[in-house]
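For reference, the structures are reproduced in the following blocks.
Each of the next two complexes has chain A plus one other chain: chain B in the first, chain C in the second.
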Partner chain A sequence: MTMTHQEPLLAIEDLHAAYGLSRVLFGVSLQVDAGECVCLLGRNGVGKTTTMRSVMGFLPPTGGRILWKGTNIAGWSPHRVARAGIGFVPEDRRIFAELTVWENLDVAARAAKRDGKWTIKAVYELFPILPELRGRRGGFLSGGEQQMLTIARTLMGNPELLLLDEPSEGLAPLVVEALLVHIRALKKQGMTILLAEQGVDFSLALADRVYVLEKGTIRYTGPAGELRDDQKLRNHLLSL
Partner chain B sequence: MSPSFLFSQFMGGLTTAMFLFLIASGLSLVFGVMRVINFAHGSFYMFGAYLAWQAVQWLHPTGGGFWLAALLAALAVGLLGALTERLFFRSLYGREELYQLLFTYALVLILGDAAKFLWGTDQLSISTPPALAGSVQVLGTTQPLYTLFIIAIGPAIAFGLWLLLNRTGAGRMVRAAQMDREMLDALGANVGTIYTGMFALSAFLAGLSGALVTPIQSIVPGMDVLIIVQAFIVVVIGGMGSLWGTFWGSVIYGQVLSFGILIFPGFSLFSVFALMAVILIVRPWGLFGRPL
Partner chain C sequence: MGPIRAAAVTVAATAPELRRRTTAAATVRRRRAVSDRIPWVAIVFLVMATVPWLGTRYDTFLASQIVIDALFAVSLNLLLGTTGLVSFGHIAYFGIGAYVCGILMKTYGVPFSVAFPAAGLGAALFALISGYFCVRLIKLYFAMLTLAFSQIVWAIAYKWNAVTGGDQGLPEIPYPNLDWMSAIPGFGDLSIGARFYLLTLALVAVALAIVHRIVRSPFGRVLTTIRDNPERAAFLGINVRLYQLAAFVIAGGFAGLAGALYGIFSRGVFADYVFWSKSAEILIMTILGGIGYFWGPPVGAAVLVWLNQVITDYTQYWSFVLGAVLLVLLFGFPGGIVGGLDLLWRRLKRLLNA
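Then we have the complex of A and B:
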């Protein structure tokens, strides 16, 4: 774990969460520093999405703390978390299907009420495909276009941390390539990102640090480079 | 049957229609956004009528002050709507329809008794505002100005609501909440406030229509239940949650009722229920609705 003297932007401590009686997270701890891209890696059903939903306030944790700039936000309502500066890009994209591209972005700006550098003009620059589609309804976009709109929509709230849940899921390889370029550009602009992924290549191409999640606990944590270079370790952690 | 007689039937049907639309629009709005069937909507309508009467008594016991009274009554009912949403309806979202039905029915009973307690069981009435007390000759028929005013206000409200929902930022938020409440929440919007606002608007429209009906109909206990059945039919015919569906549903209802009387005298409501049955068999989701 990188040692920094400043406070981490997000620190999750011993997080426990459950859907009813079925427990999903068993003491997950992780932290994200400002400017970092951290990846939560793991197979389907290990608790990546649950961790993100707990941070967002959709699923109040049954134990542990979620510290956002030092304040415990566990149990806050989603809109309060969003207004505090955490932007969520859900895996199923959740575009407002009957609103146009422009309306989707406008609604997001009104929802978060956070001013900053991300305006409609700025997200159009990051995703040049969007201005061409501005009048099209969200439901009529391709999967890749929707994924870009979802990220752009979340950016409209000027978040300080972006939670990206499985952005590459269900997209064609070429589209994933394009998405990678966009997210990397975002990272270069200084955006802090917590990424949940099953795709090892995708996440290792972006992440500075990696947490490998298994059955609701952190099994490995280290710099992404270590996992990238060590085929054996990667197989050991991820092919089980 | 002379053309002027048919025309006057048509105008009568249109008046019924626009009144029903005023009431049903709020019912449709709340169902469309929150997926709650509010049977107490008719009670809000009744309270609009009683409160308008009360306001006239306070403002101008000798008559007059109708417009201000109607506005005050509608605002008060809007506030009542916002309060009931905050206190009660909030816990009903996403529950089974049965709970919603039971709760809103309880509200109908409570508000009905409250009205009897406050204003008694005598018929009350308000005189037509002087500016619209006259009438004009149209195609050989005599049309009261107040009726023409009601016929004009229906489309005006429909267009206004359409503009609000489709051409304003607040309307976009409402439509987003309708599509995916959880996602809008995650983007930072306080969806609870949006819901309260929609509910208040819906109650305001019910209160306004209750106030506006007073120069034509007397205010009596039971007017709440009578109207909610009709408003409900209109919303079902048009398609639950569709604003234009509710508008055209009202127009069809009014005309079928108005001309149905000529064909089946004594069974005026029969034609309306027959129409609803046919529509529900052919298109269970209503004329403008979408399959659920």
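Then we have the complex of A and C:
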């Protein structure tokens, strides 16, 4: 052994999951290394969200392992997973409507009980629109503002891995553009990201590596550049 | 009481729905400015304090009932409005408080200054035990389990003759010694009942201030996030069950304090006080007043106690009238009485500004 192999931050091994009797995941395996941006691509209903919910502990897997820095966290309760350092930005991106922007962030910081570089000041710097809105109730924000607040709120927990579930869904093109800039900035700062997306352009603009999911299994895996350059392969895999 | 019970169950079952509908109103409420500058709360407490001098004995009796129910309803609203938990068995903690205080004072001659906090602690302790199981279930199952625990408490109160007096209850619970009040100018001529009312008012004021503080604290904000969406709260790292249990214990403790006051006020504790229909009554008060507002439940308590009085003077079909009032309120003002007043106030302001 001349080379020390670095352990992946997150390694999912042969994950099976089901909602009641309907099985959704059939042996999904993937891994995310520290500092990487990995994208789960696939159409609606192929199991992207289910994979993320299983990692977060909302849907205990029926088989397989979820290794977080080498520890199997399959079956942990969601708040334990969050405190272990996995931050989840859910697809519905709903903020706490009755709390102000500042209160949303404050609650998250208290809940996670993890110290780190992400403070209110730091997230305000990343999302300059938030300090202007700090006193506003979450319910009065636009879709794009809510998405930024959701990401900022998750960052307040100082996660080591960010799970982003369909961040671009339902947002206007201009807002998606702005979001892209913000997520890129996050990535540049060294944040490890696992992204679930339907939008090919959005995900290929961000990801280092791509997993294409189909009917609950991994259909393809490779560097994002390969998919970006090969139109034929893209059409073949995603038939969008 | 029969029809009230039925109405209460219907009302309680729609509480989460109601909560959602009042959220918007509550959000706007926080932006209100003008009415916040008038110290409504202080004014109301001062007016309440004059009742023994300006009112009749009967007024003092009604005011006592209102003040005690106000604390009880606020403690329930910590679960219902703040945390989003519907409890059908909140009377159990009220009852335990009444029994603990009553038994300590009557059977063991313990002074009120010890028996009163003990009642709160006893109720909180039982809330800790029952809540440990309740928060493991969600929604309707949670509600049903709270009901089950409250029926257990009732059964014990009804059957454990040696301690609770069983069917006969615990009559003639002594008043605390309030002779010291004679030293205060103007208090000399007050009856013991009036003095106890003033003590009750002061204690409830302090208790409400504490609950208010809790609701507005970061801890209270976490409870709000859980009500909003427990799942979302969990992935921020919030231990949802632990916080729900904490809210349950605090609510139980304050219900116990209200119960302790009630036992002394009504000069006895009886198994009837713990019967589950009482949980329904307090649910009605809370929803009637408005669960989206801290001062909703006290207003609900005042209105219900007063309505009960007025209506029974005219007709024996009190529950019929109550049902009609509730119906109008639920459809017309989903934010309860306070929600309706808030709406009216804002409309008025807009009219004056225009």
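The rule we apply is simple: the second predicted complex is superposed on the first by the 235 of 240 C-alpha atoms of A that agree within 3 Å, B and C clash if a C-alpha of one lies under 4 Å from a C-alpha of the other, contacts with A are read in each partner's own complex, and residues count from 1 in each chain.
Assume a residue touches a chain if its C-beta (ideal position, glycine included) is under 8 Å from a C-beta of that chain, and two chains touch if they have at least 3 such contacts.
All figures in this text were calculated on a predicted structure; none of them were measured in a lab.
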item	value
Joint occupancy of chain A by chain B and chain C, clash or fit	clash
First, second, both or neither for A:Phe26, with chain B first and chain C second	neither
Which of chain B and chain C A:Pro78 touches, first, second, both or neither	both
First, second, both or neither for A:Arg94, with chain B first and chain C second	both
A:Arg137 touches, of chain B and chain C: first, second, both or neither?	second
Intersection of the chain A residues that touch chain B with those that touch chain C	56, 58, 77-79, 82-83, 88, 90, 94, 96-99, 103, 106-108, 110-114, 153-154, 157
Chain A partner contacts - residues on chain C that touch it in the complex	23-24, 26-27, 30, 218, 221-222, 224-225, 228-229, 231-240
Residues of chain A touching chain B in the complex	56, 58, 77-79, 82-83, 88, 90, 94, 96-99, 103-104, 106-108, 110-114, 153-154, 156-157
For the chain A and chain C complex, residues of the former touching the latter	56, 58, 77-79, 81-83, 88, 90, 94, 96-99, 103, 106-108, 110-114, 137, 139-140, 153-154, 157
Contact footprint of chain A on chain B as seen in their complex	169, 172-173, 175-176, 179-180, 182-191
